[in-house]
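Next up: some structures, all given as structure tokens.
Common to both upcoming complexes is subunit A, partnered first by subunit B, then by subunit C.
Then we have the complex of A and B:
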């Protein structure tokens, strides 16, 4: 057992309202620079949709992530052999048009244009070439465009669905979507680190944040290919690659990362999870159907004395272990088993987990006879002759999940490597807590039914209350449990601090030398 | 520190000794300098009273030409010829080549001239002219050819002749065109002339190329032998002319390489995944 600590995240998708505040907070702090305009270390996608960069999930195009081989795993599009062959000619790289060409407007023309017959306009100019462009695409171009041919129906996750199922999804009455915020997953088995020919990318020992050393990066851009989530970006101005740094300067100061701090829906949780580094290779090379279970198994119980002993042996501070015990992410992922990693089949063992969205799943459409209702209407009133009812009732317990208008197969291909049971289990738990809370607050559900539902998913009423509290009432310090960074200890490992003692400020005043002989 | 002072001190003594020598410089000393420069710079092409080599015999040159003319001509023969000097022109007609410019001071030239004046008559009798060797042994020609082409390296590490020179010979393919073609150099300059040039190259570029890497005597003998052989045989030689074939092979090679590169690029992602969306969009102008 080789216990290490990892800062992990949980995004609660039911709470995401798609406002992009996280993206803008991140952009304003980190990527508002020349060469970084097109980067969105944090972005929010509409699902179903093609995302950013377009179709990033389709690894037959971008060749990211790991693939299973006879004796373990290998990088799909990079690595020692393929990387060397393609080092001057990386064939699977996304191009700027796959992201979008960043632009601004010539606002000054509005006030400085000479007098003329026409109203002056602010023409769009490219932030790369500086020349006027036709805007072809922008960040979140497909935002909220759930039903469109170009975006929603090209979603790579639809490829497991039959044509009939896809058609059913995109009927006007049934159409639904949810938001998927994405940042770097700070994976346990990061493909970007493995692919870097310069050895510039590393996973920080103390908290598992994956970083690119800007002094060592030599712009081979293998990480851009290798990251299956396309969260490593090339800065054409500095000639280095960049990625989400999980706001480590903020974390070290005890603050939440900017995207999480600014989240309006409070969907984001951050905390330490202890994991067993000895088993990473074994887990990453598991078969597709065991991936999720094995991934969950290397996340260790921070209350287990054996785990604590091993953690201490590895130099993990007591405060970090304490933070792991209070970690909201550990609760969501392991204790309540509510959250799942995104695209586990890429085998990078991502440490950002998602609570799958219940709402578009839970609600269903029923055909009802509305003729009686219509008869009551005034003859001049507009009468709808369709008979659809958007139903969010909880009359039937689990039937709605199976008959949901949003196919489970779709969610399964996002969150559980195609295993519908795992998604269903999580959705049931969410629903159970909801029914239980409805019994508590509204009271239109009998107590027995509420408790039966909880028992069905293996929750006690106390657990359901805990889930409810952390989901709906959690305050800042409940959502972000950030361990102390112990930077003073880190410095002591590198230099003797006694040397620096008393040498701050301007130092001792020395007499100036006398001039002349 | 003490030791260093001592060295400086000793050097100062040395300096005064040298200065004293210069102050009381005897005429014999001037001639010694002249002899040294003559062997270094002139003897490759000129003899004093031993007959013509590459250039004319310089015995009695002081009487034939004025000192002013000599100073001017030795510094830059081409300039004198260009100025339309009839004597210089006649020399060019006779010897078919221009003597390279010499970076010598007036004093050095006068030293040489005084050396020539002194030795003009006396030395001619003392050493008999070198007789031309008879037929060159085959193995020497072989060695010379290999040295010329760089198949055998020069002992002191000098560059092979073929880098700059060409010789029409069956065995030599594609010599350099940076310097003169050497097929008939033997009949133009004679064995002694070629030997002298190899012994101490008078041409500035060749001088620089072989700076500190002189030919050995054996090498000179072999090269002269090869050049003599090449000169005698050149009428019968038919070296293979690749001509357009070589060019064609180059073009073919490029085509093959390009094909190979195309194969490498075959699996490249060729366009944006959004290209069909972009193509439908309305463009301004």
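Then we have the complex of A and C:
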């Protein structure tokens, strides 16, 4: 056992309102620079949709992530052989147009245009060439299912669905969607690190943050291909790749990353998880159907004395172990088994977990006669003449699945490597907690029924209350349990302290180390 | 003779010294800028043909020159059989043509693609033009002064070695036809210019990738290591930032 600590995240998808505040917070801090305009280290996609960059999930195009071989795993589109042979031209690299060409508007023309017969306009200009362009695509071009024909219908996750299922999904009155916020997963088996010919990318031992050393990166572009989540971006201006740094300067200071701090829906949780580094290879090369279970098993119980002893032996600070015991991610992922990794089949062992969205699945559509209801309305109220009822009542634990608007198969392809049972299990738990809370607050559900559904999913009432609290009431310090960075020791990161010992007062002045980007 | 002295004695030493000191200084002072500065992200199709043809071609031709320079007798021995000599010459010429075609493509791409123009500076164009003329001369020599693989080994290799041994012997080169002399001068000019151009990237070619483990974990303050009594007390400076 080789216990290490990892800062890991949980995003609760039912709570995301798709406001993009997270993306803007990140953009303003980190990527508001020349060459980085097109980068969104944090982006929020509408699902179903093709995402950013277009169709990033389709590894037959981009060749990202690992694939299983006879004796383990190998990088799909990079690695020692493929990487070095393709160094002069990388055939699997997304291009600027797969993201979008960044643009701005010539606002000055609005005030400076000479007087004339026409209204002055602010033409769009490319942020690369500075020339006028016709905008073909922009960030979140397909937000909220806009352009469904071109985007949502081309979602790579639909390929496992039958044609009839797809048709059903896109019937106008059944249409449903949810938001998928994405950042770098700070994986345990990062493909980006493995693919970098220069060795510029590394995982920090202390907290598992994956970083690109900008001084060592030489623009070989392999990480852009290798990261299956397309979270390593190439800066065409500096000739360096960049990626989410999990706001490590903030984390070291005990603050939540900007995207999480600003999250309006409070969907984001961050905490320490202890894992067993000895088993990474074994887990990453598991068969598709064991992947999720093994991924969960590599995350260790921070209360287990053996784990604690091994953690201490590895020099993990007591404060970090304590943080791991209070970690909201540990609770969501291991204790309550509510969260799942995104696309585990890419085998990078992502450390960002998602609580799958219940709402689009649960809601059912019924045809009912609404004339009675309509009669009661005020004469000036808008009256709909269709008879559809969008029903989100939660009386049955799993009764509405037949009428559910969102195929489970779709969610399974995102969150559980295709295993519908795993997603179903999590959704049932979410539903059970809802029914239980409805019994407590509204009281129109009998007590026995509320307890029965909890038993069904293996929760005690206390657990259900805990889930409820952390989901709905949690304050800042409950959502972000950040271990102390021990700056009193971390001064070593910045300065020599060792040469003070035994020095006589003469010597060379040591410059402070350069840090960060 | 003095002019020849300048071209074949002074210039090579200036070039080599500039190359060595300049590269080290550039790496130390603005190491951040030492990058291949790939523009594939902005334009890929034209780059594919240009970059592949150019890079593989120049790798082969460069290795050819290097081997002939380092092992002249072995090269001569190999060339003693006319069939082998012809094979070598044909191969070298093909690679030369490949550089020529690739480089021309790359040069035109730089001039004609609006996006690529944004990441082009004057030095990029100068060095591409220099390389281009060097390749044209090279191909001309290969065609006009046949069996270069042999006369390089017998005439030029000793000259280059004499430079290395700090005892320049320039009689043989001074007597070469003007095209070949220009090619030699061009080579030294390019070597001397490397620190000031994007060519720097070949010095950081990532061969160490072959030998390193795939995953890289770095500790800023590895408590396990520091606490281990077997760890020698040294000033331990973090390498990662």
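Just so we're on the same page, the second predicted complex is superposed on the first by the 463 of 517 C-alpha atoms of A that agree within 3 Å, B and C clash if a C-alpha of one lies under 4 Å from a C-alpha of the other, contacts with A are read in each partner's own complex, and residues count from 1 in each chain.
We adopt the following convention: a residue touches a chain if its C-beta (ideal position, glycine included) is under 8 Å from a C-beta of that chain, and two chains touch if they have at least 3 such contacts.
Treat the numbers as computed from the prediction; the structure is a model and nothing was measured.
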Scan A:234 for contacts with subunit B and subunit C and give back first, second, both or neither.
second
Please indicate which partner A:93 is in contact with in the superposed arrangement: first for subunit B, second for subunit C, both, or neither.
both
What is the contact status of A:287 with respect to subunit B (first) and subunit C (second): first, second, both, or neither?
neither
With the two structures laid over each other on chain A, which partner does A:218 touch: subunit B (first), subunit C (second), both, or neither?
second
Of the partners subunit B and subunit C, which touch A:201 in the superposed model: first, second, both, neither?
second
With both complexes overlaid on chain A, does A:83 touch subunit B (first), subunit C (second), both or neither?
second
Just subunit B (first), just subunit C (second), both, or neither: which does A:119 touch?
neither
What is the contact status of A:61 with respect to subunit B (first) and subunit C (second): first, second, both, or neither?
first
Between subunit B and subunit C, which one contacts more residues of subunit A in the superposed model?
C
Quick one: classify A:136 as touching subunit B (first), subunit C (second), both or neither.
first
Where on subunit A do subunit B and subunit C both make contact?
89, 91, 93, 95
Would you tell me which residues of subunit C are touching subunit A in their complex?
31-32, 34-44, 47-48, 51-52, 55-56, 114-115, 117-119, 201, 204, 206, 208-210, 212, 214-224, 226-227, 233-238, 240-241
Residue set of subunit A touching subunit C in the complex reads 79-80, 83-84, 87-91, 93, 95-96, 128-131, 189-190, 193-194, 196-199, 201-206, 211, 213-215, 217-221, 234, 236-240, 313-317, 489-490, 492-493, 496, 498-499, 513-516
Could you please specify the touching residues of subunit A with respect to subunit B in the complex?
50, 53-55, 61-62, 89, 91-95, 97-98, 134, 136-137, 150
Listed in rising order, the residues of subunit B that touch subunit A in the complex are 264-265, 267-269, 271-275, 277-278, 281-284
